[in-house]
Amino acid sequence: MLKVLRSLRSIALSWSGIATLLLAWWLNTRLGLFPPQVLAPPERVAAAFVAGVRSGDLARNLVASLSVLAAGYVIGATLGVAFGVAMARSRTIESYTSGLFHAIRQVPTIAFIPMLVLMFGIEATFKIVVVGKASFYPAALAAYTAVQGLPRRYFDVADVYRLSPLARLRHVILPASLPPVLTGLRLSLSRAWVALVAAELLVADRGIGQMMELGRQTFRLDVVLMGVVLIGAIGFLLDRGFKRVERLLVRGAPA
Amino acid sequence: MSRTRPEFEPITAGRSGALAIRAVGKTHHIDGQPLEVLRDVSLDIGPGEFVSIVGASGCGKSTLLRLIVGLDNDYQGEIRLDDRRILSTSLDRGIVFQDHRLFPWMTVEENVAVALDRRPLGREAKKKLVAESLALVNLSGFEGAYPHQLSGGMAQRAAIARALINEPKVLLLDEPFGALDALTRLKLQTELQALRRRNQGTMLMVTHDVEEALYLADRVVIMQGGPGRIARIVPVPFPHPRDRGSAAFARLKDEILAELMREPELGSAQVTILSQDRRR
Amino acid sequence: MISPVLGGPAMAGSHPTFKMPRLSFLKGLVLPLLILVAWDLLARRGGGYGFAFVSLEGLGKALVDTIASGELPRHVATSLLRVAIGLSVGGTAGVLIGAAMALSPIVDKVLGPVYHAIRQVPTLGWIPLLGLWFGYGELPKDLIVIKAAMFPLVLNTYEGLKGVKAAHVDVGKVLTLNPLQLFFKVRLPSALPMILTGLQQALAFAWIACIGVEILFGSGSGIGAMIETGQVEGRMDVVLIGVIFVGLIAFALTRLFTRLAAPGLRWRDLKESR
């Protein structure tokens, strides 16, 4: 009985913070402390969401954002892993490229956006390049570190049992480097999402970020708030989904 | 903190302490399941005496030390030091753990000095005390070293210096040399014996090394597991310095080892539970 | 997970005698030079790309101009000031909140979910909202940078203090330290490396967020604003100078931090910290 009470108290506590925020929001609009242009009431945000779903606007913007995300991510992450492995395996490649690689790494993706606008305009190509750049770095770094950091003793074991190169790849290199590479790919995905939202907020023809920016220009606070919730939710779901995949792929490996 | 008259007159000569352990029992709760680790443990240790507890891992000997040092006061029975009930930690009691537990962010000097934090002493006095206690364990010259720069034996010496600097009435040693290599262990045993001649404090050491216990202790307490209790107390009659190679020493060692091996469920409490299951 | 993989080859640490040969440094320059030459050629040829590419000569001239006019130093100073404000306000708040969450289970229960909910939205995603609320002045920009600096420090302070070994706390108790002494002598120093890592991330995030808000707000002063104005005016030279300075300052800040943080981490065994 006591146990039930204690766990109830714990659940109540962990919801109390968020509940207080929501209540304050609701009360604010109820009491009219802030005009709706400053703080749209929750039901207005929900209505904006329903209206967006009905008209198909929301779906169009979502599809626009997510397809760019998918294309840019696949390109950027694939190139990143390939480049990271190449840099780790070949001293030559490393010595020629690492200078440029680390120099560009100093500049956050967001700072490249205006330059890329000048080079590629504001349509899909531009956004794919932004997403690709954002996904490239974490993937490349993770692949480089993972392959470079394979402990020598693993290869000692492989030597003792005279494993063939193929068996080495299958039983040693891949499983040992997979977990950190996957973690890097997950980081790539979340960076890519952030970069895409930033790009769309700045300039774009469509997408979730552009929807929010339009909402801001037209003082539609409900649309802006809905956008905030949406980008948070999408980011969260992408990360969760990837973690699921990670767990399926690396069973038995320490997280 | 009641001050009832003790059954014997406490000889609080200098800094020695008399330890009275009366009918102590302790039960851990793991995921709500009770696990009895100590049952009805009673032991009197006189001032200045060196007592060693031997027993297999899991027999509750380290738990007993945690209770005596005052890190845990949730137990049955009572533990008194010079007739004062032990309720929490105090500078009366020092402890050396198996892992040295020096703070990695402090130098050797700072690690020893932190034990003086609660003492109303001037900076100079503290400095002097630290230097003395480091000299006592042959660590002069390593004041500025960080723990990761020390060998296992040196780190353990620093831990001993930290435990002794307040001149505790009782020094507790929880398998202090268990993690060291055999040669360093022998060396530190000899050093501890030498320290003891200078320091009048009572010492209680837990170990699973029977030879170590016999080399150092006045009495050896044999504990059995599941739940932990005292099986036998063996007085060690040899004068110091002891000769590990003597026939009498070897005989006593064999006797204690035989006692330890006797119980089939000597291992942990879990082993006992398993064998009980099988009997059913 | 933002562990900085420092430049150069990873083996430099394990073999102190091994140094990267000079030759390899020269090799590292080959690619950037090739790109510069190609860039310059494209710019000179003009044509369809003349708008996007600017010649090296033009770039150099623009650099001299922007420095001479005091424009570039002014923008740099604004951005650095913004990061300083963000780090001091956001950093302090982050450490305090993280510590409160680590030390009090109730605070942890109440604030934890709110923290993680807010964390889901990328920092720059808050810009339209803050723009609506606070207009286009410096306040919304500073708030974003404060938020960017605060969040990693909340998490790292929390994790650092939660990760303090019970064995070390026990030693403190054996030495009869009071709770305050226990905090300052045991818990805080033990958590310090983690907190410093958080500070390093806070620095990086604050810089990114600073450039980001300045670009997205596009008004006022700051390197980001300079880049964005350059883009709107089609001045690739100005944009490029801005980008280069963003990178140089990021590099310098990281270096400076590592320098300053090193003494606080002297006690750490390299083998353990890995």
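Just so it is clear, A, B and C label the chains in written order, and each chain counts residues from 1 on its own.
Here, contacts are C-beta pairs under 8 Å (C-beta built on N, C-alpha and C of every residue); 3 or more make two chains touch, one makes a residue touch a chain.
Since we're looking at a predicted model, the values are computed, not measured.
*Asks:* Identify the chains in contact with subunit A as well as subunit C, in label order.
*Replies:* none
*Asks:* Most central chain by CA mean?
*Replies:* Of all chains shown, the one whose C-alpha centroid lies nearest the global centroid is C.
*Asks:* Which chain maximises the distance between its CA centroid and that of subunit C?
*Replies:* B
*Asks:* How big is the gap, in whole Å, between where the Cα atoms of subunit A centre and where those of subunit C centre?
*Replies:* 18
*Asks:* How big is the gap, in whole Å, between where the Cα atoms of subunit A centre and where those of subunit B centre?
*Replies:* 54
*Asks:* In angstrom, rounded to a whole number, how far apart do the mean CA points of subunit B and subunit C lie?
*Replies:* The answer is 50 Å.
*Asks:* Please output the residues of subunit B touching subunit C within their complex, sorted ascending.
*Replies:* 69-71, 88-91, 93-95, 97, 99, 101, 103-106, 114-115, 117-118, 146-148
*Asks:* Of all residues in subunit A, which touch subunit C in the complex?
*Replies:* Touching subunit C: residues 10, 13-18, 21, 37-38, 94-100, 102-104, 106-108, 110-115, 117-119, 141, 144-145, 148-149, 183, 187, 193-194, 197-198, 201-202, 209, 212-213, 215-216, 219, 221, 224-225, 227-229, 231-233, 235-236 of subunit A.
*Asks:* Touching residues of subunit C toward subunit A in the complex: what are they?
*Replies:* Listed in rising order, the residues of subunit C that touch subunit A are 1-2, 5, 7-10, 23-25, 27-32, 35, 51-52, 106, 109-114, 117, 120-129, 131-133, 207-208, 211-212, 215-216, 224, 227-228, 230-231, 234, 236, 239-240, 242-243, 246-248, 250-251.
*Asks:* Within the complex, which stretch of subunit C touches subunit B?
*Replies:* Going by the criterion above, the answer is residues 167-168, 170-171, 173-178, 181, 185-186, 189-190, 192, 266-269, 271-272.
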